[in-house]
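One structure below.
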Amino acid sequence: MVPHPPNEEHIDGQMVKMEVNLDDISGEWLGYVMDVLFEAGANDVFYTPIYMKKNRPGILLQLLCSKTSMEKMKEILLRETTTLGIRYYPLTVHRMERNFKKVQTDWGAVTVKQGISNGEVFQSSPEFEDCKEIAKRMNVPLKKVYEQVWQALAENRKSN
Amino acid sequence: MVPHPPNEEHIDGQMVKMEVNLDDISGEWLGYVMDVLFEAGANDVFYTPIYMKKNRPGILLQLLCSKTSMEKMKEILLRETTTLGIRYYPLTVHRMERNFKKVQTDWGAVTVKQGISNGEVFQSSPEFEDCKEIAKRMNVPLKKVYEQVWQALAENRKSN
Amino acid sequence: MVPHPPNEEHIDGQMVKMEVNLDDISGEWLGYVMDVLFEAGANDVFYTPIYMKKNRPGILLQLLCSKTSMEKMKEILLRETTTLGIRYYPLTVHRMERNFKKVQTDWGAVTVKQGISNGEVFQSSPEFEDCKEIAKRMNVPLKKVYEQVWQALAENRKSN
Amino acid sequence: MVPHPPNEEHIDGQMVKMEVNLDDISGEWLGYVMDVLFEAGANDVFYTPIYMKKNRPGILLQLLCSKTSMEKMKEILLRETTTLGIRYYPLTVHRMERNFKKVQTDWGAVTVKQGISNGEVFQSSPEFEDCKEIAKRMNVPLKKVYEQVWQALAENRKSN
Amino acid sequence: MVPHPPNEEHIDGQMVKMEVNLDDISGEWLGYVMDVLFEAGANDVFYTPIYMKKNRPGILLQLLCSKTSMEKMKEILLRETTTLGIRYYPLTVHRMERNFKKVQTDWGAVTVKQGISNGEVFQSSPEFEDCKEIAKRMNVPLKKVYEQVWQALAENRKSN
Amino acid sequence: MVPHPPNEEHIDGQMVKMEVNLDDISGEWLGYVMDVLFEAGANDVFYTPIYMKKNRPGILLQLLCSKTSMEKMKEILLRETTTLGIRYYPLTVHRMERNFKKVQTDWGAVTVKQGISNGEVFQSSPEFEDCKEIAKRMNVPLKKVYEQVWQALAENRKSN
């Protein structure tokens, strides 16, 4: 299998979703587990509040990863959570082409991530970390930074 | 203060809501805590999933009780949860008049709790425990038991 | 493949679930997206609150559709949400036979949807829109309309 | 008490929050109840999923209204839900000054609601219903309508 | 297929997840349904709050069972809930080896369930029902019972 | 008013809860807002998923602060969120005495926060940041760090 360039639009058939139900672990640990899983290469990790037996508020941990990294993820789940079982099933992911461009604000440049499908730009998302860095450094509201990025994007569209 | 008969419609100005945010306790313990609080006389106890700092899924415990039982509730919260603080504020409860009557199903009698305001019957709720007992004993779906109770209630209304 | 009559009990092996995680879109837009997806033929659309990285409250959008309408759904998700990826997996749906009958209330007829499996009626659900229309027109509580429908259903059962 | 003009910044000390816990009502009815309460003048109504006793997923209904409309709200809650009790407590609301202006998009005008405090514009929110109407009529994605509004707002800011 | 001993580590490829969306059933019934499904042999049952069409707060019921018990589960879902359709998909479960040992507390013995993978003990979970029984009988906080079990486990580790 | 030493048990009658309903802001921004509010001195900030009108999944932001910091919190909410109104009500907080001690693990010392009421130690909570630092530095599971702290606490209790 020849790998596609990672930012090109493609259908990925090598992904898996893993799930774990947890009712005997604290939120404190779960905040930590999410970070560890991301650092180890999980494509996504998220929690859902669930109602479990015996009136227990629990958490459903869901994790997306490639089949090749399943063993690593399983090991982390065993080491860092309280589970005795891990369930999983394959799924397909349609990923858009990603393109990165810079736009200017009064306070510096911000990267914008474009989502493209069949050559058409569907999304233009300011990179959160860039905007946050400016908001902190310049002591301006985050929403004002986003407003400037949206304005710059609009002007680019008009001049094209 | 002369107490009102407990099943009469009244405005209760002696209630309080207590709240605790919890991010370092398991769902297993929380299922237990709810039972202990109800047994100790809490008027109501319920949990809400909340998003806390550091990516932690937490639980907001809310508890309704009369001002006279606050100390008992506080002691249970300290003993049985992991909190270091308890917040509370007074609230008012408008309680409807409650009246209990029996209706017949093919499998035995079921208590129906009526909610009454200004002399008008607003609610007629089959008692869950009665219906459950019949469903278990007769091996019929719970919803069939409820259907029979609703039918009996409807016939009573027509013959009145 | 010969299609089955749509209201007959059958096992549908041509369905797919699509999922999208969203943390950069407002609830205002999501309310709109749900309507657009239903209008375009989605069998079901629903949202779950999820905990995403960096302390973000996000939404998991789940969508059920037939494999033949996947492309249309993908296009809407790209146009109307902020996602750069869509994941999906096949699933099977066991649908009950559906039968529609009319019952009479004091204020007019209401359609009841019956769910049938192996010839046995398992569910009898008053059609919400019918009941709502009566409640609005006659200015009666919605629950009183349902009560009348349940009563009519019970009388039908007895006279059979 | 002389009433303030409704769109001026002010502190409202005449508001109350009402709360009801519900475990014996369907989601179908709850969707309807929310509409009825808004039509009757509730300032806000929202639902929270809660964990109630006996493993029951329930709903906490919260409602904001002025003290003068409490009786009307109570009556609706009794008529349209299954509750036997309603709790409430006073609260204060600091409301910003609201100002409405029009901006132009390629497809027509959109109202923008401004939030103002101490004379400073803090928020500029495109009116959802205007944007939705355009998206439907012109068959364009809702987000493209918002983008045009944001651009027009930015240009207005620059030319001032 | 020769069955593995149930407490050995193994990969189970004969499992299925069933899902039902519910917006016309009360929490009272759902609490009951969960018990019925567990008693009939479901491996797990849990509820997630979901946002459904027409402003309805609904519940997603998820259920894990072996393929051989699917028919029984379907029948319960039809009898005890209001659904007209059930969806499902296969999944794989990696279950850890389970080993049970006893540890002593001041108030009696408690079973500890160990989770083992590749011969290594990853989890040691005090059995909730044992701890609860002691807490009730001795009138001590549940967390004090767990503390004693953790201490006994720690001492065992040191003396090995 | 003479201030109490901050770690002594006391009843604080100068607290307020502020609440904002949000349906036109992204999760990305909300993750940021929480951090800003904590940095500005909020005692607690947490989010609850709520069901708002027009099928919108929204967020209820709740914030605890002293009355003296209300103005600062209001300003942040206006600058960083999209709200046009902020509601609030006073509440009382009963805070336990807090005491900090050090315990030894194989990998270094960990601070334990004790919760004390009427001179009795009710809680002993390992400081998360200490445990996390060790887990990262020594590359051991977080739960193994906690186990060692619990063991050290148990041994301290026995030797007293």
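Going by the order they are written in, the chains are A, B, C, D, E and F; count residues from 1 in each one.
The criterion applied here is as follows: a contact is a pair of C-beta atoms (placed from the backbone, for glycine too) under 8 Å apart; a residue touches a chain by one contact, two chains touch by 3 or more.
What you are looking at is a predicted structure, and each value in this text was computed from that prediction instead of being measured.
> Counting a repeat as over half of the contact pairs in common, which of E-F, A-E or A-D repeats C-E?
A-E
> Please state whether B-F or C-D has more C-beta contact pairs across its interface.
Of the two interfaces, B-F and C-D, more C-beta pairs touch across B-F.
> Averaging only over C-alpha atoms, locate the centres of chain D and chain E and give their separation in whole Å.
40
> Express in whole angstrom the distance between the two chain centres, defined as the mean CA positions of chain A and chain C.
Whole-Å distance between the two chain centres: 29.
> Taking each chain's centre as its mean C-alpha position, how far apart are chain B and chain C in Å?
The separation of the two C-alpha centroids amounts to 30 Å.
> Which parts of chain C, given as residue numbers and ranges, touch two or more other chains?
Touching at least two other chains: 24, 28, 34-35, 47-49, 51-55, 57-58, 79, 82, 89, 128.
> Which bits of chain A are touching chain C when the two form their complex?
15, 17, 34-35, 38, 44-49, 64, 89-96, 98, 113, 115, 117, 122-123, 125, 128
> Can you name the residues of chain B that touch chain C in the complex?
Residue positions touching the partner: 49, 51, 53-55, 57, 147-148, 150-151, 153-155.
> Quick check on the complex: what are the chain A residues that touch chain E?
So the residues of chain A touching chain E come out as 21, 24, 48-54, 58, 60, 74, 78-79, 82-89.
> For the complex, which residues does chain A have touching chain B?
It is residues 22-28, 30-31, 34-35, 47, 49, 52, 54-59 of chain A that touch chain B.
> For the complex, give me every residue of chain B touching chain E.
28-29, 32-33, 79-80, 82, 128, 132, 135, 141-143
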